[in-house]
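Each structure below is given as structure tokens.
Both complexes below contain subunit A, partnered by subunit B and then by subunit C.
Presenting the complex of A and B:
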């Protein structure tokens, strides 16, 4: 964000969310909103993340649990379909992985530097022992 | 629509009623308050006006003065005309939020009925709370009597809400001496008073849903300095001209003249006292007597605008006197009084050779008598004749026990 001089910004400890007037913002998709430069949406606030969640769409059932539970609105979902993760805002808390109900999970935590391709390649298989235990409980 | 109140041209009001009537006449949208002596009647009267249909607005009872000012800040950020009142310990509890109000550039009007700050606990008037507010970034106007308390509230709203200013303002009056002393107060009809201040014009208000804003943001070393500089720039450059314009307009409307610095008998004065609040009126009377009975050319300078400090106007008012007494009604706790400091700072780079001394008086409501002022003017005359201080720089006046002085 441009560092303006003391006389170069609006008065008050005040920031605008959007450039210009906005209407029906709730029905406008984030990528279509005129977020201002001072809005945290336009900034990366994730640089202290050391582990990241990665998404494997092969197992996802689009239950939207991750989207509901994410405390930073970093799960990108369109038309109730999980699309991916907003890594400019995800802090790597792991809640999405924790609440993911599939077997194997469709979201797993990996080291920040790991690439997506190798992560998918080493994705665990269905845990059959867990399925047996569940069957026993029933 | 609020009911109109028919007022007589002159009403017998104390300072508190005068302030609450002014708040009613400008139709404040939100008054959030926590009562404290001696300011309680201001918000009590206002609650009464609201309950009886004389105000279209909200009266919010809060859990503390900190909560009261916090609520005022929220209401002002939302886009309303906002005011409250407090004193002393309650003012002290508000201090944190006072800085928020000014830093957020919210035009709130706070009536401060000046009272001592304990310990020991004391409900009477001195200027400790007013002095505590002097670095908070608010405009501070000082009333000497109930009429001033009424008039200065209109000035406070008008200046504070101006979009070139957008800074909160305090109207100070002396606890009990002004707040509970009923005097004749010349009134304005409701519509005339309201029109003087005008309809509230919101700015960056949170209720403008098409332009969402975040108020009270955090800044660190990358922005904080610039924000504070901007605030100081407005306080230093925009406020004084707006106050002067409001004083001019008010004089046209009412015939009552206010000045940044109130100078009495200063045209040919050899000695002068500088003071605030009700003491100005006593000092004026004594200055006249010093002239008539003692042949001492005495004058009085009353501070009308304490913040922003009218440095140039003070220097101009005092440039020709030979001795000045700065009268501080607050314990300076480890240094000279605030007025002594401010006047020193105002005169230091001028050609004056005036002798400046400091008097601490009236703490906790102790009377400043005419005899005290006679002794002060007599001291000042001796300083003027000697061309140097003939007394210690700081003396306590009206104190029991051995004479107390410093420096």
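Presenting the complex of A and C:
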């Protein structure tokens, strides 16, 4: 979308979240929504990040702590499973990593430029010095 | 009344489709957003929302974008509450006249405001809405400071916190006044439901939001919102700081029903010293000096006293 300055404001402009029918939006997942160009979902804050979280599904127990505490709707969960990260909207805050209860963590922060394959290859192993942390679905 | 959304556990909650969108301009790690998600995802009903001026409003409606997938209005700093109350009054009128286009749908009316908008500048409007008994929920995003304009003190700012208008230094320990007890004030309106929540205790919070949605009449929710920028902690620590706040009882979690019956809804297994909560935030850094450390003991005494009071009220069922 063309960027407008403060003086480019169109008087009476109508900005809609969606183009088209939206009757049951509360039960429609993002991939099925008719987002309009003025919905911030179509924008990106990827350039805010210095570090990004990467996900290693081998250790994940699908507790969904990362989903509920991500401030930016950037943990993608489908059918009660954590499936990945939305890198258009992730701001790299690191909360998901902090709340992940597994050992080793299933989410870790890496430099923005690091690729996933090498990150998985250097993923830390289970830390046996720590008592086994129990993940509860509280 | 509509059906209450089933949220048995976190896995079930995670099947929600958010109606609040990313690429908004809130700081990384901002708790406002976590709170909004938990409120909106507590229901599948239609939403009619308002926001008072403040971080949430400013960062989610930046022309030409909106981050809201529901009807949403912003007018001014003081009147998020009355904006929603007006919509709710119109809804009732149309319903009474049988002129609703979709009478089967039962929208929820929710206003969000910061502590500045709630405790200070919008207070009279909120009080009016509650006195008139609108069927609405008011959610205060309580970060204890005017964050959006750079950290001025509000009447929610707790004693000893350093703010830009009450800065700590050689002659002052910062904010001099105690935090205003907004929970008691809203309960005194006789509101059917008043509750304090913290987003890190998601289950407690979502249960309270659902109770609030089920209540008839005005509902007040005081939501602790840890602010990485003004409380001065690292963005990844938002949940850890929030845990310290509820486990030290600085933010006790409780509800007041019909202005009379108080229930404590969360009792920490291990109560941690208030010192640990204060020490984790830059806004209280100066309290850890010889000159001002007496305030830490005072803080602890105040928190103990409040907890004792809440427990006595709960026991007496008043």
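Definition applied: the second predicted complex is superposed on the first by the 117 of 138 C-alpha atoms of A that agree within 3 Å, B and C clash if a C-alpha of one lies under 4 Å from a C-alpha of the other, contacts with A are read in each partner's own complex, and residues count from 1 in each chain.
Convention: contacts are C-beta pairs under 8 Å (C-beta built on N, C-alpha and C of every residue); 3 or more make two chains touch, one makes a residue touch a chain.
Everything quoted here is computed from the prediction, not taken from an experiment.
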First (subunit B), second (subunit C), both or neither touched by A:18: both
Contacts of A:7 with subunit B and subunit C, given as first, second, both or neither: first
A:120 touches, of subunit B and subunit C: first, second, both or neither? neither
Subunit B versus subunit C as contact partner of A:76, first or second or both or neither: neither
A:60 touches, of subunit B and subunit C: first, second, both or neither? neither
Partner chain in contact with A:99 - subunit B first, subunit C second, else both or neither: second
Of subunit C and subunit B, partner touching more subunit A residues: C
Which of subunit B and subunit C A:86 touches, first, second, both or neither: second
Where subunit A meets both subunit C and subunit B, residue numbers: 4, 9, 13, 15, 17-18, 22, 25
Complex contacts: residues of subunit B adjacent to subunit A: 103-106, 166, 204, 210-217, 219, 222-223, 225-227, 229-231, 233-234
Residue numbers on subunit A that touch subunit B, as the complex places them: 3-7, 9-18, 21-23, 25
In the complex, subunit C residues that touch subunit A: 9-15, 17-26, 28-34, 37-38, 43-46, 60, 62-70, 199-200, 202-203, 234-240
Subunit A residues touching subunit C - in the complex, by the definition given at the top: 1, 4, 9, 13, 15, 17-18, 22, 25-30, 33, 37-45, 48, 62-65, 67-74, 77, 79-80, 86, 88-95, 97-99, 137-138
